[in-house]
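Consider the two complexes below, in which chain A is the common component and chain B and chain C are the respective partners.
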Partner chain A sequence: MFGAGGGTSSYQEIEQTDLIVLWGSNAREAHPIFFHHLLRGIENGARMYCVDPRRTASAKFADRWLGIDVGSDVALANGVGREIIAAGLADTDFIRRSTRGFDDYERAVEPYTLDRVSALTGVPVAAISELAHAYATAESAQLLWTLGITEHHNAVDNVLALCNLALLTGHVGRWGSGLVPLRGQNNVQGGGDMGALPDRLPGFQSVADADVRSRFEEVYGRPLDPHPGLHLTLMFEAMARGELRALYVIGENPAESEADIGHARDALAGLDVLVVQDIFLTRTAEMADVVFPASVGWAESEGTVTSSERRVQRVRPAVVPPGEAHHDIDILVDLAHAMGSELGPRRPEAVWDELRQLSPVHRGMSWARLEAEGGLQWPCPDLDHPGSPFLHGWLWEDGLAGREPAPFSVVEHAGPTDVLTTGYPLRLTTGRALDSFNTGVQSGALDSPIRYGDELEVNPDDARDLELDQGERVRVCSARGSVEMHVRHQPDLPRGLTFTTFHFPGLVDTNVLTTDAWDPKSGTAEFKAAAIRIEKLSAHPQGTAGG
Partner chain B sequence: MVDLHLTADVASPGERAAVDAAIGPDGAVVVHESERSIVAGRTRRQSRRHWLLPALHALQAEAGWISPGGLNHVADRLQIPPAEVFGVASFYGLFRTDDPGHTGSVTHVCVDPACEIAGASDLADELERAGSAVQRGPCLGQCERAPARFVQGRGEPDHVPADDAVPFRLPRPGQPHRRLTARLGVVDPTSLDSYREHGGYGALTTAIAMGPDAVIEAVTAAGLWGRGGAAFPTGVKWRAVAAQPGPDKHVVANADESEPGTFKDRLLMEHDPFALLESLTIAGLATGAERGWIYIRGEYPLATSRLRQAIDQARAVGWLGADVGASGRSFDVELRRGAGAYICGEETALFNSIEGFRGEPRNKPPYPTTSGLFGRPTVVNNPETLVNVLPIISAGPAAYRSLGTDDSPGTKLFCLSGSLRRPGLYEVPFGTTLRALLLAAGTEIDRLRAVLLGGAAGTFVGPESLDLPLTLEDARAAGATLGSGAVMPFDDRVDLAAVVTRIAEFFRHESCGQCVPCRVGTTRQHEVLLQLRPGRPLADDRRQLLDDMARVMLDASICGLGHTAAGAVRSALDLGIIGEST
Partner chain C sequence: MTSTEAAVTIRIDDTDVALSAGSSILDGCRSVGVDTPTICYADNLTPVNACRVCVVELEGSRTLVPACSRPAEDGMVIRTDSERVRHSRRMVLEFLASSVDLGQADELTAWAEHYGADPGRYGADRAVVSEPVRVQDNLYIRDYDRCVLCYKCVEACGEDAQQSFAIAVSGRGFDARISTEFDVELPESACVYCGNCVAVCPTNALQFRTEFDLRAVGEWRPEDQTVTRTVCSYCGVGCNLELHVQDDHIVACTSPHDHDVTWGNLCIKGRFGWGYV
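And now, the complex of A and B:
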C-alpha cells in the first residue's frame, strides 16, 4: 500500500500494540503461527476487535465481535471513518502534513451515518461507534485483514477503505501502528517480491518503467516486453476465449482452487499445452501434457522465503528429494537450456546475488547477512542498512522525505454481486480450517482428530426452520451448480449465513457453487459471497426406528 | 485460551442455576449483546476467573460432584479451558470429580491425633453403620470438641453438628488477661449493635482520626508479629504495602486455618466476627488498599455465615463501602471459601486459590508486598494477628506492651487439645510457661510423654521442656516453634508412633506435588515411618534417608509446607519418641 507490496509492520509490533483490529481474517485457523504473536499482544494487554460475518475461533478472543453482513466492509469502514471525523478524533495534524484527498474523503463518507451503516452491515450502532472510538483513541493500533477483505469483487476498494482509516488516525508508519494483510503461505510475499506479478519485475519494479526495464535487460541480455501480463483470473478468461493456448503452472492447483470450478476446468481442458510443476500429482497435474516433479520448498530445497513481515529468510535442504523430483531452479535452468537459452548459474546464492543486483530493496541482503542475522526485512538497500521493521516511516518525517503525501481514496459500498433472492435466499461464505491447507494437496494425506470434512455449517435456528438435522445430507444449489453436503449446526453463525471449507474437493466440489465475479483492479475472485438454497434430498428424514 | 472444546455433556437445569447464581449477573465472560455484537475478551476473562472457586462450590453443593456437564457449563461461563477447570476441581478435597453414587450429604470425620485419641475411628465406623456416607480426613479445626465432624451438605447446607449441640463457652481457668477473646461468649455475634455496645468500631474510628502513618507506626511500636506461624513483623509488612503507589492493592485475612490442632481463628470468627472485619478495615485504610478479602477454610460453615452476615451489616451502615466510617476512603471486603486444601494456607497458594487457579504456591520473590493477589501489592495476615490491632489502636502501643515480653509483647491464643481434661482456647500473656498452660487445661503432668507445639508443622518437646516460657525467642532458643499456637500434650496412653506416622501421612497427602523435593520427600518420609516396628530402633540407613529428605525439603522446597514437613518427625526421633528401643 502507498506504493509498496507488503504489510507495514513486524510481527513483534502486534505483541506490543495497544489495539488489534482483525478484519475479515480468521488468523486463529488460517495463520496459526502469526496468531501466536497476536495472542502475545493480547496477553500483553492489547484489546482486540474482530470484524467478521462469522464468530470465528479468532473472534472468540476479541473484546468485541462485530458480525458484519458478507460484502459490506466498505460501508462499515466508511461508517467508522465518518464517526471518527464526527467525534473530532481524526488526527488533523497528520492528515494535513502527510496525506491528500481528505476533503473528498470527508464528503464521500458523510452519507455513511451510523444508522445507515448499521442497516447496511447488520452491526449495531453502538458497536460501530465503539470500534471507531477505540481505533481513533488507541496509542497504537494494528489493522489486519486477510481473504475476508480480498476475496470479493471489490477487493481493492475494501483494502483502500481500511487504508483510509489508518490515514485518518495516523495509525501507520509508526512502531506498533500499521496495516497488515496476512499472507496465506509462508512465501506468498516472496513470490510477489520476485516478480510473480503480471505488471512487476522483482522488487516490485514496474515493467512499464523504461529505466527499470533497461537495467534488467542489461543483466538478462535480452529485451523485455513492456506490457503487463495477465493475472490469474484474466488468464482463465483468455483461455476461455481461446487466446491463451499454453500454460505452465508451478505449485498451483487451479483445477480445484478456482471459483466457479466447472468453468475453470473447461478452460484448462481446452489448452494446447499444459505443463505442471508440483510436488504432488494434483488434479491439475492429472490434466497436464507434461509434469515436472519438483522438490519440496521447505525440506528439500535451498534458497529463501519471505514472510508477511517482509523478512527474507534462508531455507536449507534437510533431505534429498525422492525419485525423479528435482529442485525448481534445476528444472527451470534445464528447461531453458532445452529451449536454447542459458539462465546462468544454478547455485541459489548466485541467483540471489543476481536479484540483489537488480532489486534495490534487497540489495543489502547478502547471503552471509541473511545467515548471520536470522533474516532481514526489506527494504534493505545496502550492506550497512539494518533492514526495515516497519514501512512508511517517511509519513512522519519532515517534508515526507521528499515523497508525495499518501492519498485518501473515495470508495463506495457495493454489496456482493451474487444477490440474495427468493430462489437463493441464503448467503454462503467459504474459508479455511486449522488442520487443512487450501485444496488439501499438502494436508489431505495427514490424519487429524479435528477434521470434519467439508460440511455445510448452518445457524441452528435456520436449520430448525428448514428442518435440517445435524449430519443430514442435503443438496446445496447456487445459480452455477449444486453439490451434496452434510449439514452441521453452528451457533457461531448469524441467521441467514452458511459456511463451508473447500479443503476436500474430492468429496465436495465447493467451488462449483462460488461465483466467478472478480475484482477488475486486483483479479481476485469473490469466493466469500455466493447466494444459495438448501434442498432436502428426501421429503421426510429417514431412519427413525419404529417410525 | 478461549476457543474452548467442550465435551457433549450438558449441565442439569439445577447445576446451571447454581453456577449462574454463584457467579452473579455479570459473571459470564461472553455477553451476547445482540446477534451481531458479542462482547468477551481477555480483560473480562481475567477479571472473572476468580469466580471459579465459588462456581465449583455451587456445583458440588448442587450435584454432590463436579459432573462433566456442570464442568462444561462453568468452563463456558468463565471461558476457562475444561481441562483447567478439571485441574482446579481435582485439586481440592471438598470437590469430587467422580460420581459419588449416592445423593446424600457426606460426613467428614477427622482422624488427626486429638480426634483419634477421642475415638474418631469408632465414630466414623458407627456413622457408616448408620448409613451415612463418611469421609475420613485431616483436621477439621474442632479439636476442643473431638472427635470432629463436618457435614458437607447435599439438599441441606454444610454444617457442623457440634455447632448446634454444644453451647459455646471458653474454659475459665488460667485466663485472667483476655484481650482478643474478651467479647467471645459475651457479644451477640450476629448483631452489629451488640458489637458496638461492646466497644466495637471504636478502634476504626480512632484509626481514621490518626491517619494511615500513625496507625502503622503504632502497630510497629507495639511489636506485633504474625500469628500464622512465620512471626513476621506486621508493621514492616504494612509499611511495605503502604509504600506502593495507587489504590489497587489488597489486604487478605488468611482464615484458612488448617494446621492440625488449631481452631483459634474459627472461634474468633464465629463469636466475634465484626472484630475481624474492623481490623481488616483498619489494615486496608492504613495500607491504602481498597479491597479486602477473607479466605476462610471450607469446613467452617458457621464462621462463614456469621462473617457474611457481619459484612452485610457493616456495609449497610457504611463501615464498609465507598466512604468507610465517613473517612472519605473506599474499602470493601469479599469472602471466599476454601475447599479442603491445607496448602492454601500458604499465602501465595491462597492467592492462586482466590484467583481461580490450583492452589499451588508461587516462588518468592516477588513477595506479596509487591506482587500478591492478582499480582498487586498485598498484605496477608492471620485473623489473630489482625484482631491484635484493635487493642493496639484503642489503648496504644505502650499499654499493649504491658503484657508479654520485649520481643513477644501482648497475649497469645493457644489451642489446647489432646491428653487433657479441659481442651479449648486459652489466651495468656507471652512468657507463660508451658507447664502453667498445660496445668490450666488439666493435663496430668506425671503421665505426660510429649507435647506437640505448633501442629503438624511444629515440633515435639518432652517433659523436660515444661518450664519453657512460651515466647517467640524462648521457643527459638529451644529449637522449637509456637507455630499456629496449637499445643497438644500426649500422655502414656497414646500410641506416639501412630501419631508421628499420621503426621507424616498428613504431609504426604497435603503436599501439592508441584515441587519434587516436597512431593518425593513427604512420600519417602511416610514410607519409612510405615516400616517402623514397635520397640525396634530405626535402621541407620533409614535414619540417614529421613535426614537426607529433611535437608532436601528444607533447602529446596518452594514453600513452607516442604520446609516444615520433616520438623515434627525429626524432633520425635531426636526425643526418642519413636525409633528407639523402649
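And now, the complex of A and C:
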C-alpha cells in the first residue's frame, strides 16, 4: 500500500483498536492464531463488522455480518465512502494535508447511493449505513482482508477501494488504525520482501530505478535487466502462446492450484523444459523433465520467513533431510555452478547479510538480533532501530516527511466475469477449511477427525427446490467443465450461493470449474466467483454435462 | 514500569521483595527463588484457583491464600514454608495421588515426595478413577485416570485462548469429569483439535498420540529429545513452533508460551500438521 507491499499494522494493535472490519476473510479458520488476537480486541471492547458472502465461523463473532453478493466489494466500499462523505464524517483535515485526488473520488462515488449499492450488493441499506458511520466515527479502526478481496478479476480495484476508506477517515498510519492483508502462506510476504515480484528487487525496490539497479549490479557483478518480468498468470499465457518455453518451479504446485486447471496443465505439458524443485513429487513434479528434491524449509534448513505483520523470523533445522534432498540454497548454488556461474556464499547468514547490504528496510536485522528479539518488523534500517510496528506514520507528520500525499483511486463496480445465466444460475465460491491447506500437499498427512472432504455446500432452501438430499452425489457444471461432488446442506450460505474447499484435488478437481479470468494489475485469478449449475446424477446420466 | 508507577514491597520468608503493581504473590516468590508448586496455574491462563497447592500463609489472614492469584499488596508478610503451609500442600497432593495416576506428572510426583505425601495410607480399597483410555483419533488421547480436574484445558479451550468452549467439567464430587457438551464424541462437539488443551495439561491426561504410542512400546525418551524453535509452515501468521525430535523424527509440537504471536497456542495444522516432514 502506498508504495510498500505489506500490512500496515501489528497483531497487538487489533487487541487495542476500537473497530474491526473483517472483509472477505474467514480468519477464524484460515488464520486461527491471528483470530486469537482479534478476539482479545473484542474482549477489550472493540466492535466487529464482517463482510463476507458466507456467514463464516468468523462472522459469528461479529456484531454485524454483511452478507455481500460475491464480487460486489467495490460497490459496497464506494457506497460506504459516499455515505461517510454525505454524512459529513470524512476527516477533512487529514484529506487536505495527507492525500490527493479526493475531488475525483468524491465525484466517482456520488452515484453509489445507499439504495443502488444495496441493489448491487444484496446488503440492506441500514447495514451499509451502519458500517459507514461506525468506521468513520471510531477512534481507531483496523480493516483486514484476505483472498475474498484478492481472488477476483478486479483484485487490485478491490484493494484500492478499501484503501480509499482508510484515507477518507484517517484510519492508517497510527497505532490501532491500519490496513491489513492477512497472508495465506507462511512466507508469501517474505517472497515479496526478497523481490519475487515481476517489477521489484529485494526490499520492494523498483527494477526500473537505475540507481537501485547499479547497487545490485555492483554486488552481483553483472548487469540486471531493467524490464519487469511476468507474473504467474502472464507466464501461463506466454506458455500457451509458445513464447515461454522453459519453467523452473520452486515449491509450487500449479498443475493443481491454478484456476481453470485443464488450460494450465496443457500449458505445462507444452513446455520444452520443466524443472521442479520441491519436497514432494507433486502433480507438477510428475510432469517435469528434472526434479530436484529439496529439504523442508521450516524444519530441515536454516533461514527466515516474514509474517503478515512484516515480522522477519528465523526458521531452524530440527531434523535431517531424507535421502538425496538438498537445501534450497545448495541446489541453486550448485546448479548455477554447473552452468558456469558463481552465486556466492551458501551459508544462510551470509546470504542474509548480502540482502541486508542491498535492502534498506532489512539493514538493521542482524542474524543475532533476529535470534535475540524473537523477530523484527520491517522497516528496520539500522542496528539501533527497534523495527516498525506500523507503517505510514509519515502521513501524520508535518510536511509528510518530504513524501508525496497518498492518492485516492477511482474504482468502479464490475461484477464477476462469469455471469449467472439460466444455464448456470448458481454462484460457486471457494475457500479454505480449518484443518487443511491449499491443494493438500502438506496437510494431507494430517489425519484430521473433523475433515469432510471437498463437498458442495448448498443453502438448504435451494437444496429443497433442486431436490438435493444431504450427501447426495451430483454433477457440478461450469462453462469450463464438470466434476462430481457430494452435497452438504449449509444454512450459513445465502440462497443462490454454493461453496467448496479445494484441498483434495485427487478426489475433486475443484479448479476444473473455476474461471481463468484474472486481474491484469496483479495477475490473481478469479477463484472466488464461478457460475455453475447442479445436475442430479439420476436424472442426467453420464455425458450430458458441460455447456 | 515507570518510576511513578506504584510499586509494592512485600516480605516473603523474611526477605523484602519489591514488585511492580499488579504482580501476584507467586511472582514475588519466583523473583526471590522461592520454588512454589502449582498445578492449575499457567502464565498464559487466568488463575482459576482450583488446585490450592500454591497456598501460602499471609499474616493477618484467617485462611491460607493462593499465591498464584492473590495480588501482592504493600506490606504483606508471607510464609511459604510454615508447618501449616506444608501440611496443606501435602494434603492436596496426597488426595490427588490417592485417586488418580500421577505417574507421568514428574513435577507433581517430586513435590509429593518433598512434602511427604503418602497416598497409600488411604488403603488399597480407596476410590480410584478407572476408565479406559480414550484413543479416538490419531492426534491426541484422553486418559481420565490421570486427570486432576485443574480446569486448565477448559480455560484454554474457552475464554483464555481458543473461545471454542468445547469442554467443561460435568458431574459432581468423585464423578466430576471433563466433558464435551452432552458428552458427545469429540468430532461431533465444538472441538477444533487445536490441541491447546494438550499443551497446558500438567499430568499427561491429555497427550499427543505420538507420545502415547511411543510410551506403549517403551520408546518415549524425553532425555534423548531435542527441541528446536522454528516458524510454522502453513498460513502467514508466523506462529513460533518448538519441534520435539527423537531419533530424527518429530514426536511433538509445542509453542513458546512467552512469544507474543502465539502465547503458547496453535491451531490444528500447526500443532499436528508436521506429519509430512
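Side notes on the structure shown:
To be clear about the criterion, the second predicted complex is superposed on the first by the 539 of 547 C-alpha atoms of A that agree within 3 Å, B and C clash if a C-alpha of one lies under 4 Å from a C-alpha of the other, contacts with A are read in each partner's own complex, and residues count from 1 in each chain.
Quick note on the criterion: a residue touches a chain if its C-beta (ideal position, glycine included) is under 8 Å from a C-beta of that chain, and two chains touch if they have at least 3 such contacts.
Just so it is clear, the model here is predicted, and its values are computed rather than measured.
Contact with chain B, but none with chain C, is seen for A:127 once the two complexes are overlaid on the shared chain.
Using the contact criterion defined above for the overlaid structures, shared-chain residue A:188 touches chain C, although it does not reach chain B. By the touch criterion defined above, A:494 lies against chain B but remains apart from chain C after alignment on the C-alpha atoms of chain A. Of the two partner chains placed by superposition, only chain B is touched by A:48; chain C is not.
Set side by side, chain B and chain C differ in how many residues of chain A they touch, and the one touching more is C. After overlaying the two complexes on the shared chain, residue contacts for A:30 are found with chain C alone; chain B is out of touch. Once the two complexes are laid over each other on the shared chain, residue contacts for A:39 go to chain B and to chain C alike.
In the overlay built on the shared chain, the residue A:66 is in contact with chain B alone; chain C does not reach it. Overlap of the chain B and chain C interfaces on chain A: residues 39, 43, 61. Here chain B touches chain A in the complex through residues 1-3, 33-44, going by the rule given at the top. Interface of chain C with chain A (complex): residues 136-139, 159, 161-163, 186-187, 191-194, 226, 228-241, 243, 245, 248-250, 259-263, 265-270, 272-277. Against chain C, the residues of chain A that register as touching in their complex are 11-12, 30-34, 36, 39, 43, 61, 182-189, 279-280, 296-300, 305-309, 311, 313-320, 374-375, 434-437, 441-450. Chain A makes touch with chain B in their complex at residues 28, 39, 42-43, 47-48, 55, 57, 59-68, 122-124, 126-127, 494-495.
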